[in-house]
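Okay, so subunit A shows up in both of these, paired with subunit B first and subunit C after.
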Partner chain A sequence: MTDVDKEKDSRKIKSVGKMKEIMTAYYIDAKTAEQTGKKVAWITSGGPVEPLIAMDVIPVYPENYGAMIGASKMGGDLCQKAEELGYSGDLCSYARADIVCSMIDGGPIGGLPKPDMLICCNNICGTVLKWYEIQARYYNVPLFIFDTPFCHTEYADESRRYVRKQIDEYTNFLENACKKKFDHDRIKEVGRLSVEGQELWQEVLDTAMNRPSPMTCFDAFFHLALIVTLRGTQIAVDYYQSLLEEMKQRVADGISAIPNERYRLLWDNLPIWYRVKWMSEKFAAHDACLVADTYTSAWCGQLKYMDGDNFLDSMAEAYTRIYLNIGVDEMIKIVLEVVDKYDVDGFVIHSNRSCKPYSLGQYDIQRAVQKEKGIPSVMIESHMIDERSFSESQSETRIDAFMEMIKQKG
Partner chain B sequence: MITAGIDIGSITAKAAVLEDGRILGSKVAFTGYNARQAGKNVFEDLLRELDMDASSIEKTVSTGYGRNSVKFADKAMTEIICHGAGAYYLNPEVRSIIDVGGQDSKVLTIDSDGRVKDFAMNDKCAAGTGRFLEVMARALESDLDDFGDLSLKSDKPSKISSICTVFAESEVISLISKGKSREDIIAGIHESVASRISSMARRVGVKEPVMMTGGVAKNIGVVRALEKALGVSIEVSEFAQVNGAVGAAIMAMRL
Partner chain C sequence: MERLNDFYEAVSDTGNYIRNLKDGGKKVLGYLCSYTPEEIILAAGIHPVRLFGTEGNITLADAHLQSYTCSLARGVLEGALSGELDYLDGMVFPHTCDTIQRLSDIWRLNTDFGFFADVVLPVKLNTESAREYMEDVLRRFRSELEEGMGVTITDGALKESIEKYNRIRGCLKTIYELRSADPGILPGADVHAIVKGSMIMDRDYLLERLPEVIEMLREKEPSTGAERKRIVLTGSICNHPDVYAIIEKSGGVVVWDDLCTGSRYFEGLTGTDGDPVKAIVNRYIERLICPAKHMSNTARGDSLVEMVRKNNVQGVIFLLLKFCDPHDFDYPYIKGFLDREDIPSMLLEIEDQLPSEGQLMTRFETFIHML
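Coming up: the complex of A and B.
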């Protein structure tokens, strides 16, 4: 091992191995559900998963799978196939790739296990409605749509009643699909575990407030998988407990995520999955650590609305008020808070052509951050998994110029 | 202190040599296929013209999209910082710079110390750049150097609605077949370039005085169309095309 390798090795997050084991076991469970007599539900990333866990249904996330497609650089080919089928290139690339994987029975890990039901929550976008309708027709399985009205500023009483009512419809749907009674005691336990898991995830992200930070948002993109897929389980709680301990230990031992952290940055939007390594190395070469992001915090940002003792009621509000379902003014407030909390020197904005709801309003957010905090920002136009849309030299010039600006500022 | 700046753009390579902040000379050549060779050639040609030896250059900074291919440079910096430095050198009062080169267009603002405050660049599309104008010149069988003067003769610029170079070309061909005058079509082309750049400029926030740099700044038609679109007057230096290289040489003084 060379000195450079040793140096790199000393910075590696040890929990990565454990995480991979858990995700492998999770996908094996899901892929063998038919043999073990368990049911599989496909669910959107922002969907209320806890009732599924309470009913022993294995939740599977096409969006997590989308990230896997992106990271394995299969997005371009799959999106192209979707275009050949007639899906416009302007549509969400997760949707396009997922639909194609179903049709060709392919993609990473040989495709996702077939669903017994679909749970679609539109708190993240409107595309999911059509995406899940297509899949419901394709697999001929029941679809439950959990409709969360947009919260421009507040959660109105009408919304509260409307969303709460759907939770009962949701549990009824599950009772019919699973042919068993909904376990109201179990959901309390699952709810408690969900809140605990989210609190721990928030604490993990908060360790990046340290200087130097023990982790980057690129690490968070990876470790996020469990709070998405196994939220509400003891597995997720245990994992984040151990990850948190590791992060605290790294802080105590002075192990930083990048060798020389001089600048601290905030990332907005989904990762560019096929370029995570390139991006992290690019910024690290500028001594810049991306200490926070608006994406991974979406799975713990609504904790203030959640009540472990009254989970089902509080869940309605928490799932409705997620980052992508609120007005730009509210988003601005959150971003400004994050800038202060993690004490960042610059703002990196991924204008993601694949995710319109996330990218709409970014110019306003950018302006607000510049005006209120006076920090430089940069916008990188790209695509979360369709690598055909990434231009390395253009992205590089923007990043280099942005870092030169920050360095000039001193 | 003698410094050099090399700016490798997508169409042309530029070099500038400065002595204690005074421009000794500059040169422009086509980049061609081999960006590395282009940087070397333009630099050597300039040195020959100035009757100087490479050893007399103390520091060199490279910039432009081919900046990392200039192996003899002491440092590579982006064209954003270099255009800011170049414009500030040419006129320290300047606060906004519109740079339109071969395949990209950018707008940047600088503060009273010449530091870049903000910038925006064109998206992954060559519409509104030098390459766009080249394509149009070909479609119109005109010399690009005449574009500026021809467009100023127009009193009724054609409407080029497309924001895509390829589609705009077919639009131009259809305008030709409709019998529109060359002057009007060219003026329309300039307006379409200006409209694209001005929205980017407004996003960053235009602060006067405004300077235009890059090869397209030589086209008076685009400059006038931009002035009209933005409602400001725009200054263009004789060093507009080599501004990036001049800025790079300025940055080299600080190494």
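Coming up: the complex of A and C.
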């Protein structure tokens, strides 16, 4: 091993291996559900998963699968196939790729296990409603829509009542689908584990407040998988406990995520999954560490509304008030807080053609950050897993110019 | 048609029409969606006007909305920022799609027309709790309107408003039925002007005017001339009256539609007994659905096939705005439903402007000749 390799190796996050093992076991479990007599539910990434765990239903996340498709650079090809089936190339690339994978039994890991039911929560977008209708027609299985009214400026009383009623409808739906009673004791335990997992995940992200940071948002994109897929389980709690310990140890040992952290940046929106490594190296070459993002904190940003002792009731509010289901002015407040919290020098905005609720409003957020914090920003456009839409040279030019601005300020 | 000049004038220069109306002391609220509870607005003595985008170039809105936003959202924001819509006293945003959801935020943060309300309707319409929630949301809107505009909306006024809308919607439906029975009696562009005008013009005027139009149609001799292929248009909004004439020149004729600015606006009457807010909710639940809402997994496909059968239609034209996610997601399955029933269809995707007439003619002619 050369010195450079050794140096690189020392920076690697050791928990990565453990994480891959857990995800492999999880997907094997899900893909063999038919043999083991377990039910499989497909659920949206922001959906209330805890009742499924309490009912021993295996949750499967087409969006996590979308990320996998993107990372393995299969998105362009699958999206192209979707277009041949009549789906516009302007639609969400996760949705396009997933819909096609179902129809051709293709994609990474040989496709997802067939769902016994579909759980669609629209707190992240309206796209999931259409996407899950398509899958409900294709698989001909029951669809439960958990409708979380958008909170432009507030969480209205009528929304509170409506969402709370739907939690009972949801548990009834599960009782029918699973032909067994909902376990009200078990959900308390699952709720407690969910809250604990989210707290630990927030603590992991918080270690990036250190200078230099032990992790980048590109690491967070990877380690996010468990808080999405196994939220509410002991496995997730144990994993984040050990990841947190590793991060703390890195801080104590002075191991930084990038060799020479001089600039700290904030990332907005989902990752560009097929260019994570490229992007990460690109910024590291400028001595810039992306210490925080608005995306991975979406799975712990609502902890203030969660009550582990009264989980079902508090879940209604927590799931309705997530980052993507609030007004642009509320998002601006959160972004400004994150800028201060992680002490960032610049703002990298991914204008994601695949995600309108996340991307429309970014110009207003960008202006607010510039006005309030006076830090430079840059906008990079893509479809998050359709690599055909990405212009590397244009993005590179923009990133270089942006970093020049930061260096001149610095 | 000369006798429809009033409609054409209101449609072609809406600003001028509304400003004249305001000289009479009316307050005006803008809206974008057929789930806007216009009955409540009218009952408050306020004039509701539907906005359709802008004819002009889009420059100011580009500072707020990315290029992958539909022309409706960009056009309406442009109008708000440029002063073109300075006649508005406020704006109402029912929750529809992801784009309009964010347009509402951007509007609220960057414009100041006075009144502003989000009407965060449920996305699913097929459960009891969604029905109750929708009722609560409409009641909230009613009190926000009362407070914001300094008016009182009595149940009596609301019922009166509902009756007016029932008559207007009933007239529009009758005009569609007369046209479907004899498509030669009224060019598509005229029908477009009447429907669009009905979302812009003074509603009391329409109550007198629409029955006259119907009378005029009934008095007309049955049309003669070449048999045309009967077409249904389906999509979100149609803000391109030229489409109708080009279809007619190509040997077709639009006999019905599933458009937000068409049958989805007028289908279904509101009950006049009992609680008026409940009655408005009932109509929304029974009406033809928009793809941004959920009724069942096949509601839109089923109703389009039924519409085709009922109107003896030979072909369907999908008229979709570029970047309209809900419609784009529904297109393959609805086309599949039509294919299964051997109903030919074609897709026309519209950006800011229509393609050139020559190009459109070629596409329509090819499609229509195959029918």
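Here, the second predicted complex is superposed on the first by the 410 of 410 C-alpha atoms of A that agree within 3 Å, B and C clash if a C-alpha of one lies under 4 Å from a C-alpha of the other, contacts with A are read in each partner's own complex, and residues count from 1 in each chain.
Basically, a residue touches a chain if its C-beta (ideal position, glycine included) is under 8 Å from a C-beta of that chain, and two chains touch if they have at least 3 such contacts.
Model, not experiment: these values are computed from the prediction.
**Q** On the A-aligned overlay, A:Met23 touches which partner chain: subunit B = first, subunit C = second, or both, or neither?
**A** A:Met23: touches no partner chain.
**Q** Mind working out whether A:Leu129 is in touch with subunit B, subunit C, both or neither, as first, second, both or neither?
**A** Touch status of A:Leu129: second partner only.
**Q** After lining up the shared chain so the two structures overlap, which partner does A:Tyr363 touch, if you call subunit B first and subunit C second: first, second, both or neither?
**A** both
**Q** Scan A:Ser389 for contacts with subunit B and subunit C and give back first, second, both or neither.
**A** So A:Ser389 only meets subunit B here.
**Q** Per the contact definition in the header, classify A:Leu143: touching subunit B only (first), subunit C only (second), both, or neither.
**A** Touch partner of A:Leu143: subunit C, not subunit B.
**Q** Have a look at where A:Ile235 lands relative to subunit B and subunit C in the superposition and call it first, second, both or neither.
**A** Neither partner.
**Q** Which partner, subunit B or subunit C, is in contact with more residues of subunit A?
**A** C
**Q** Of the partners subunit B and subunit C, which touch A:Asp400 in the superposed model: first, second, both, neither?
**A** First partner only.
**Q** What is the contact status of A:Pro376 with respect to subunit B (first) and subunit C (second): first, second, both, or neither?
**A** first
**Q** Do subunit B and subunit C touch any of the same residues on subunit A, and if so, which?
**A** The overlap between the subunit B and subunit C interfaces on subunit A comprises residues 363, 381.
**Q** Considering the complex alone, what residue numbers of subunit A touch subunit C?
**A** Per the touch definition, subunit A meets subunit C at residues 85-88, 90-92, 95, 122, 125-127, 129-131, 133-134, 136-137, 143, 145, 147, 149-150, 152-153, 156, 158-159, 161-162, 165-166, 169, 327-329, 351, 353, 356-357, 359-364, 381.
**Q** Would you pull the subunit A residues touching subunit B in the complex into a rising list?
**A** 363, 370, 376-377, 379, 381, 389, 391, 393-394, 397-398, 400-401, 404-405, 408-409
**Q** Within their complex, state which residues of subunit B touch subunit A.
**A** Subunit B reaches subunit A through residues 65, 77-81, 104, 115-121, 123-124, 203.
**Q** For the complex, give me every residue of subunit C touching subunit A.
**A** 63-66, 68-69, 95, 97-99, 101-106, 108-110, 118, 120, 122-124, 127, 129-130, 132-133, 136-137, 140, 291-292, 294, 297-298, 322-323, 325-326, 328-333, 335, 349
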